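Note that the chains take the letters A, B, C and D in the order they are written out, and that residue 1 is the start of every chain.
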Amino acid sequence: MLNVEGVSKYYGQRQAALSNISFRIDKGEMVFLTGASGAGKSTLLRLLYLEEKPSAGRILLDRFDLSRISKRKIPFLRRHVGVIFQDFRLIPERTAAENVALTLEVLGKSGREIRRKTDEALNLVGLLGKRNNYPYQLSGGEAQRVSVARAVVNEPLVLLADEPTGNLDEQNSRELLELLSEINMRGATTIIATHQVQLTAKYAKRTLNLVSGILEKETR
Amino acid sequence: MRSFGRIFVEIWRSVRFELLSTLGSLLTIFLATLLPGLFWIASKNLTQTEAELKSGLTMDVFLREELTVEQITRLTKEFMGLGGVTGVTYVSKEDALNRMMQKFGPKMLAGLEDENPLPASFILSVDKSVFTQGVAEALSKKISRYPEVDDIVFAGDILNRLGNILRTTEILGFALSVMVAFAALFIIANTVRVAISDRRKTVEIMQLVGATRGYILTPFVMLGGMLGFSGAILSALALNWITGYVSNHLIKLVFLESHEIFTFIMSGLCLGMVGAFIATRKYLKI
Amino acid sequence: MRSFGRIFVEIWRSVRFELLSTLGSLLTIFLATLLPGLFWIASKNLTQTEAELKSGLTMDVFLREELTVEQITRLTKEFMGLGGVTGVTYVSKEDALNRMMQKFGPKMLAGLEDENPLPASFILSVDKSVFTQGVAEALSKKISRYPEVDDIVFAGDILNRLGNILRTTEILGFALSVMVAFAALFIIANTVRVAISDRRKTVEIMQLVGATRGYILTPFVMLGGMLGFSGAILSALALNWITGYVSNHLIKLVFLESHEIFTFIMSGLCLGMVGAFIATRKYLKI
Amino acid sequence: MLNVEGVSKYYGQRQAALSNISFRIDKGEMVFLTGASGAGKSTLLRLLYLEEKPSAGRILLDRFDLSRISKRKIPFLRRHVGVIFQDFRLIPERTAAENVALTLEVLGKSGREIRRKTDEALNLVGLLGKRNNYPYQLSGGEAQRVSVARAVVNEPLVLLADEPTGNLDEQNSRELLELLSEINMRGATTIIATHQVQLTAKYAKRTLNLVSGILEKETR
């Protein structure tokens, strides 16, 4: 499914954010990506949803070579990748529901379907009551959950989550991880970047640990 | 797929909170398109007037004395043989006096009948070729060689100089119009830029969830097109009114013909879309 | 405290990445200020020309026959007593013929000396009061009551109508100039809005760490002022050139005087600052 | 120092984000503010740095009544309040160092002083090496630490921190809290909003716990 082969990413010349990373993730797997602040977790995810290109190495997603894909095809690939951003990236002038709906609108889905699926997704993260709140009317944790709802609303093939529990209390964190693993069960290959090592322990899933851009050890 | 409804919602999102600004930009575009329109109409009318003046222009050949019928026939024939001459009319001393009286009124010239001081003349109609450099001079040299001819008067030189001035003015006007068109392009681009810059985060996020360039561009390009289109229509209406007003109060003017109006308005539309496209592109990453 | 250095750094931040856009807006403001400038110069010259025409205008009183010296003296005195008349000149038949010959050339009117058909006349210089409604009519009525008077010719009516048209044109021009000034205001406001909208997050955060309104506003208002100022200067230069060109090739024109140029450029500056202020205010929360 | 008297905050009519909150904090105290996602922690802090006004009640900071203060005075008050925002709020077109310098620039400090203090603050959060990075060139945790540096660079009288460790791994979290308590020792009254209850336990400081906008219990 996902094949990362000797990928490096340099910003400027001084330091590598990622050095010669290689790993394979099978279809339907759920993998944690851990590491200290600045270790390169977000950078790796950014390569996977094509916000940036690797400086060296290859990334194969399904049949596509992400390092070579043409610009015109990027949007169509992204439609199969759901992303929960570390900084949420909600559209400020749209309500929670409209933000979630965006993923479906872009696909040209019908109004009825958009409404049904949007409500479903908001319900899943426990925010149906805040459907008409604008992002500035949401707490940090609520915004994070809206971002989750938007990522999962279209049942993506790949789900990337960057620090999805950073702004959540324990109770909410646990619920959110339950939700992500449920979506994973339904078939979505899931990669979760987090620095909360105690979380990964609880799930006993495969864990990739980054230390200053180097893939240190792989635990299971 | 991508419904018109969505596009208008997007446009409305841009315009909603910025109604005043949108109206301001409409006013600006209206004014900006007014100037090229004015120059277009002015140039159209001037060209037409100049053509009329030229086609009505004659070369007056004054004669030493009245001619006999044979002389008239002969000279008429010979003058017609000269290049550029399209018609020859003989004006006797009496005809000349009648014309003068019509011009200045009989009272002023009363008593002139008894001893008519005006000379007889030939009036030659000429075609456009005479307005080319040197042709008129050659023609009048040829004619002045006839012993019957006393003096030749031809206003073509003055008209030519006037024409040159008109053309210079037209070139200036055209240059100014092009600059103004650029300005209009810029104004529209800027208005759309404000709209998109206010929503740059939206655009960025749309791209991240899989929106294509076209999906994001379309509403903004349409907004620009609508601005240019409406501005040009307002401008055309104003030009029509101005032309009418001047026609009634100053001098008769012709307005643009319908296909020219169409060109004018479509130029506004295209200008708007191009301006918007340029402005929007910058904010797209892919 | 708040150094000039900082302000220019802030302006430079705004302009740096948007050099083309800033130049575009400069061009637009230049064009926008050109139009009011043109109208100003046109109106100045037309007013002056009209005043000259009016001051040179005379009322021609044609007489039935030549007068004796006593008659001339008496009538001159009486005409001078009429309101609005500032000068009286007697033109004998011979004088009239001489004038006519000067106008049309002696050849055309040769032989007229023997039997002069032109009448004698008084030429009355009049002051401005004659151009007010009804005064000219009253004056000519009074004069026509003299048995010596045959006919009165006064071009004031035509000039008056011309004046009216000029004034209408001036009003239109002024209205258009006001609209264009609004447009310029809007263009500057929009340019500054793009600058500030690109940096709205910055502005918000600055407020949160304790920046005052003035601290945030100043660079943007200065940017607007500089745009308006430079646009007006460019415009003044162009107007000077155009005036010179027209003076050399078409008709002699006067340019704005130095205090008028100063007003013109300062208007640009103020317009720019006001536009920028309006645009910036919206983005401030406190 | 800080006196909150019967403060409520309503958004719309439906639900109160804060209901009748009252507490006192003395000069130089360090207080934790805990509560689940959406409990009202950020809202309370927003009232304290005057981004919003309370719907009811009074807030007295030093001699100033925050609910009545005139708009013109807000900037001058904010200069004595350092805030670490939950969403960082770094200026995107300024480097890390320029972001930190902003607080001092606004005060009209000299260039030399600005440079010295900025470097000091960046060093404190361990990011001197990233001084010339723009925010988009920082990892989530790094951005959070720059936000910390900006808040403390001017030695504020009051320091408000909203979820300052949300994007940090354990190691960095501990270091950051050490830093905050050090700044507190130097005299800054400090309020830290967090949902990581295990952190507050370790420090054994006074803790205010919010539950759905109501101040539940106060532990020490």
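Just so it is clear, a contact is a pair of C-beta atoms (placed from the backbone, for glycine too) under 8 Å apart; a residue touches a chain by one contact, two chains touch by 3 or more.
From a predicted model like this one, the values you see are computed outputs, not experimental measurements.
Engineer: Averaging over Cα atoms per chain, report the distance between chain A and chain D in Å.
Structural biologist: Each chain's C-alpha centroid was found; their separation is 29 Å.
Engineer: Per the centroid of Cα atoms for each chain, what is the distance between chain A and chain C, given in Å?
Structural biologist: Taking the mean C-alpha position of each chain, the two centres sit 68 Å apart.
Engineer: I'd like the Å distance between the centres of chain C and chain D, where a centre is the mean of that chain's Cα atoms.
Structural biologist: One centre to the other, that is 62 Å.
Engineer: Hey, what residues on chain D touch two or more of the other chains?
Structural biologist: Not one residue of chain D touches more than one other chain, so the list is empty.
Engineer: Please output the residue numbers of chain B that touch at least 2 other chains, ranges allowed.
Structural biologist: none
Engineer: What's the contact topology between the chains, one of line, ring, star, complete, other?
Structural biologist: ring
Engineer: Chain pairs in touch?
Structural biologist: In this structure, the chains touch in these pairs: A-B, A-D, B-C, C-D.
Engineer: For chain B, which residues count as touching chain A in their complex?
Structural biologist: So the residues of chain B in touch with chain A come to 1-2, 6, 13, 199, 201-202, 204-213, 215, 286.
Engineer: Which residues, counting only chain A, touch chain B once they are in their complex?
Structural biologist: Residues 49, 51, 71, 74-79, 83, 85, 89-94, 102-103, 105-108, 150.
Engineer: Please name which positions on chain D make contact with chain A in the complex.
Structural biologist: Residues of chain D touching chain A: 11, 35-39, 41-43, 86-88, 137, 139-142, 145, 162-163, 166-172, 195-197.
Engineer: Along chain B, where are the residues that touch chain C in the complex?
Structural biologist: Those in contact with chain C are residues 21, 24-25, 27-28, 31-32, 35, 108-112, 114-115, 117-118, 165, 168, 176, 179-180, 182-183, 186-187, 189-191, 193-194, 197-198, 200, 249-250.
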